[in-house]
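What follows is one structure encoded as structure tokens, with my remarks underneath.
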Amino acid sequence: MKTIYKLLVVVTLICAVTAAFAEDLEVMHWWTSGGEAAAVAEFAKAFDATGNHWVDAAIVGGEAARAVMVSRITGGDPMGAFQFNHGRQAEELIQAGLLRDITDIAEAQGWKDIVNPPTLLDACTVDGRIYCAPVNIHSWQWLWLSHKAFEDAGLPVPTNWDEFVAAAPALEAAGKLPLAMGQQGWQQSGAFNVMMATLVPQEIYLAVYKDKNPEVAGGEEVAKVFKAAADARAMSAKSTVQNWNDATNLVITAQAGGQIMGDWAQGEFAVAGQVAGTDYSCLPGLGVTEMLDTGGDAFYFPVLKDEAQIAAQGELAALLLKPEVQVAFNLKKGSLPVRGDIDMSTANACMQKGLALLAEGKILPSTGQLITPDTSNQINTLFAEFFADPSMTPEDAQKQFVSIIETAE
Amino acid sequence: MADTAVSTNVSSTASLRDGPRGPKPRRTFSRRNILLYGTLFVIAVYYAIPLYVMIVTSLKGMPEVRMGNIFSPPLEITFAPWVKAWSQACTGLTCKGLSIGFWNSVRITVPSVIISTIIASVNGYALANWRFKGANVFFTILIFGSFIPYQVLLYPVVILLREIGLYGKLAGLVIVHTIFGMPILTLLFRNYFSSLPEELFKAARVDGAGFWGIFLRVMLPMSIPIFAVAIILQVTGIWNDFLFGVVYTGPESYPMTVALNNIVNSTQGVVEYNVNMAATIITGLVPLTIYFVSGKLFVRGIAAGAVKG
Amino acid sequence: MKRPNQLFRNLSAKIAAIPMIVTGLFVFVGGTVWTVVYSFTKSGLLPRLKWVGLDQYERLWSTKRWLVSIENLAIYGISMLVLVFVIGFILATLIDQKVRFENAFRTIILYPFALSFVVTGLVWQWILNPEFGIQSIVRDLGWKSFTFDPLYTPEIAIYGVLIAGLWQGSGLVMVLMLAGLRGIDQDIWKAARVDGIPAWKTYLFIVIPMMRPVFITTLVLVVSGIVKLYDLIVAQTGGGPGIATEVPAKYVYDMMFAASNLGQGFAASTMMLVTVALIVIPWAMLEFGGKKNG
Amino acid sequence: MNYAVEIKDLDLYFGNVKVLQQLNLDIYKGEFLVLLGSSGCGKSTLLNCIAGLLEVTDGQIFIGGNNVTWAQPSERGIGMVFQSYALYPQMTVEGNLSFGLRNARMPRDEISKRVSRAAGILQIEPLLKRKPAALSGGQRQRVAIGRALVRDVDVFLFDEPLSNLDAKLRADLRVEIKKLHEQLDNTMIYVTHDQIEAMTLADRIAIMKEGKIMQLASPNEIYNRPRNLYVADFIGSPSMNFLHGEIKDGNFLLDGITIPLKGYEFAADSSQGGKAILGLRPEHILTGDNLASATVRTTVTVELVEPMGSDTLIYSTLAGTFIHVRMDGQARVSPGDKVEIGFQPERASLFDPETEDRL
């Protein structure tokens, strides 16, 4: 009897407390690398400070995470909030009415005025309603170079892609891997898209991904990009790592010369205590065309029934774009904040470069905003194959690429 | 023919003659034996090496892992990787190691095994002894069901679970395991109950026992061995499941296999092979223990599970 | 006396069988029909009844990754089938030679079967890793040019998976074969010895044909395992390098949950079902066709 | 050399279990020898040793005068028939008969000659193209015998060949085996646990118990003069009645009844007296018209009657021992009746209760 009584008291207490304010909100994301984890902890800290509790649900790997999120939402077991790449991934969920319309919060917080570039908010908007809170800007178009690797090989640190390609043989002779590349389709197609955005005129990128023009996709300029991808393939032939952060680690430890990876790689350098400019270099737009895409992460909020949960969702949504949260988060994450009106002077050299480009408006839409996950999955597969199989010629790959673009929606 | 009436003196010792006597002499190291045991030894090494590598690596410190080869025994035995794998390894923000996955697996496995075994035993009993109309049709469907690739049913089951409101919950996964374990287990029990003497069943009916009475008081006490087999089959099967765990549960209720895959593939900085190996062993520990402890029953279990259809 | 209503005869038995009936009808039949039906739709992230005829199948069969998956499954499946049978049978015959330490050998050969595919995949990923696995060991021993890195060479990566698959699965086949061998009437062996037939001939011409039921059971078991091949790939190679070790089950999963293209996933899983049906139905006819058997 | 098979000091141990111990057995050429005993007595083991299917622990085996202790079964000049037939299921009858010969690279025409001869003897010509699964039990056993026949050997070994058949077929095939033996005139060693088979077929029977031969003699001798209590009890159905008493001054004293032992052939010199067991077969207890030839008579009360048509068994108690008595089939008795019974000492058996040997 006594134990049961005790139990009852405890249960009642817990219920009372929960009902009063502290709401456990499950937040799902795929930020699991060192830098990412540190960044997301900032959100958790800020949210916990509101009296609620951030229940962290991290899943390794974006694809696996998206699968779980979608099946949980469609499966009727929605979490409190989840991270997604804004863009076309969430389209269907919104159409199916599974995601919460947060227009009221956005308006109350004045997101329309502060989010920069405004395209970010557009990506969250369907039929004039806002469904997500963008939290950062990620750009893919960066080349990360290890100073020590080049030093060891007796070379100067390159300032653009062509110099880097030229330095590859010397790096190899010094026992270095010229280009680190994680053996996963999204990283390989990502690198290709970066080359497409930077090594050839910008119109090409838009013609291919926005207009889905198969002629352009099969044309001269894209052929050049495929040749460059073949170079990258040769340079990364000995790269056996899988995860992007393992690849970044090769650069950090000077086992590899460089890596094409989005700005989130910076978080890894930061965690490793490296300093931009002295330990490593970052070349936006591969040092060729200084241009960044404005992909990024956003938080979506599934439609829930529980009032307390809904309230907690609102608090989280509002908090995500708060200036101090934005600064703390983005510094850790290595990404750019979604508002231009905050002080990022503590950011390092690389981020400053990015901020400058952003301010100048040298921006591109990200592929995620232009093509469906299905199409990007097909492209990922194509490049996974291309990078793994040296016998596949750039011409063959381009042919397949054209047929993907032809059927893309 | 000799005089058949004469009885030979049986106990007397006949004199042995020259020539072969007793067992044919054999060299212990005959060519056949060298070949036989040599082959078996090589095979045993092939099968044993992965376990050896896992154990050895899991007992080394990181510096030793990096310099040494994977086959050399540890110079200095450390249990730190085990501790880390169990309680500290990280997936994202949560650094609670495999312990959470372990307890999840326990929470999934125990009710799944109990429920699926109970349902399947009742099914098997109904099919074997009561033979109601249409029983064979359902049974055939069930058996064919066991051959349907899981992928075909993956999504419909998501919908099913959503409709009954159990998606992403442990109870949902328990149902999934019960469903997918049903064909083999039902067959197992049906065949077993069919093999019991029918007179027993008839006698119980004459004595006035009903469906449940016969099941509980006559059949159950006689079917301890088959229950053991079914339980072994289910425990190992469910513990080792990965696909259903990934699809039908959320991260907070991931079973151990999924947690293992996450921990191993979520590297932060240096890959800690010793921790990964320790995690791998810990994950395999439950089915391995069952295997080593139950020995013959395990073999019977898989053989019984194998005779499906 | 009135005859009791047919429906209520054996009522308890029928009630007890409800879970089975529900599972059989709803899940197995219903689920399968559902998936097949939706494979003719343009379902993306969510299932939608927007008919597109055979479009999904057309796309499926013109997708290189699917073709590679099928090819891989064929290579893996056929090699696995042949090798697992040969190895399993040879192991069983070796163990059947009244060897000493039979239990020890059997234990060592079978234990991998107790382990999950995830564990199997990870372990062999490490052992086959060129940087510190077999390759580096052999190189350390002095053979500097030795190369054995199947998981990093697209052309042979699937065989790297095969090594792990065999390691995990051959013990099961051995146990089944051993049970089959032990189930053979000892008098047959004696008769063959009296007839002066050498052991290998006895195995080949007498024992193996007698083990047909065991072979068929094993075949069905191994084949259904092969079709389901998924965990091992995810843990060992993740489908890589490139798409060198992709398999249909993974294609289905990725299409459904990563590419948000359910229709494509349904079409692919329907093709898997067709494949299994092509194997299982003839077997079932063979097994149950002749005699009436519930 | 008129022995077909000689077994000398044979030992066979399975680990610590001594299955056969110091066993000696000589079998004449052309003899039909039956190894009889309950299961586990070592009779099949002995047969397997002769066949070379089991390796002996010690001792020697000669077949046709050759020391075959180390020889392969196929080299011993034996043919063997098994209880489970052991036919090769996927071969036709012809295939079964010829497989061993083909394997020995015998010329084709010689094989077909032998097969057709065997088929002729066993009358299985119409079955030659069939597979074993399409044959009845009796037909299968014929094929199994045929397989031994084609080997054209001097010694046939039968390992409980009729045990898997039903009673009627068993009786038929028993007769056929007997005919076969007369026709072929070769040595046959036949293992069975069925005493009828043993009594009807054998020239000599070896009764075995715990790896030892208890008695080796003609069926008649074994039936009439069992060498010990075990043999006496084992042979005969219903089995012998055993009455415990005492020998004194040439008489057997049984609870008040004195049975003079005049006419009884003592196996050993045991006239000094002492405790003894008197064994009387139910059919040797005289009743009714036969009582005239009895030297000793007494009256018992019938307790149970089993009419069997050809004869009637009655159960009763004599001197505190439950006994059965075989009466004429037409005798009309019912429980409670008093019946007079009598014995002939010369048809009885006496055993020493200590050694259990015949006195």
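Each chain gets a letter, A, B, C and D, in the order it is written, and its residues are counted from 1.
Here is the rule we use: a contact is a pair of C-beta atoms (placed from the backbone, for glycine too) under 8 Å apart; a residue touches a chain by one contact, two chains touch by 3 or more.
Computed from a predicted structure; not experimentally measured.
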Please identify the chain with the largest separation between its CA centroid and the CA centroid of chain D. A
Averaging over Cα atoms per chain, report the distance between chain C and chain D in Å. 55
At what distance in angstrom does the C-alpha mean of chain D lie from that of chain A? 91
Could you grab the centroid distance between chain A and chain C? Build each centroid from C-alpha atoms only and quote it in angstrom. 38
With chain centres defined as C-alpha means, what is the inter-centre distance between chain B and chain C in Å? 16
For chain D, what residues touch not just one other chain but two or more? none
Multi-partner residues of chain C (at least 2 other chains): 253, 256-257
Residues of chain A that contact two or more other chains, please. 64, 68, 71, 74, 242
Listing every touching pair of chains gives A-B, A-C, B-C, B-D, C-D
Chain B to chain C touching residues, read off their complex: 36-37, 39-40, 43-44, 46-51, 53-54, 57, 69-71, 119, 122-123, 125-127, 130, 132-133, 135-136, 138-142, 144-157, 159-160, 178-179, 182, 186, 210-212, 236, 239-243, 247, 257-258, 260-261, 264, 273, 276-277, 280, 283-284, 287-288, 290-292, 295, 298-299, 302-303, 306-309
Applying the document's contact rule, which stretches of chain D touch chain B when the two form their complex? 2, 6, 8-9, 11, 22, 24-26, 28, 30-31, 55-60, 62, 67, 69-70, 203-204, 212-218, 220-221, 227
In the complex of these two chains, what residues of chain A are touching chain B? 26, 28-34, 37, 40-41, 44, 55-61, 64, 68, 71-72, 74-77, 79, 242-243, 245-246, 249, 271-272
So, in the complex, the side of chain B touching chain D is made of residues 1-2, 4-8, 10-17, 19-24
Can you check the complex and tell me which residues of chain A touch chain C? 63-64, 66-68, 70-71, 74, 89, 91-93, 96, 183-184, 240, 242, 372-374, 377-378, 381-382, 384-389, 400, 407
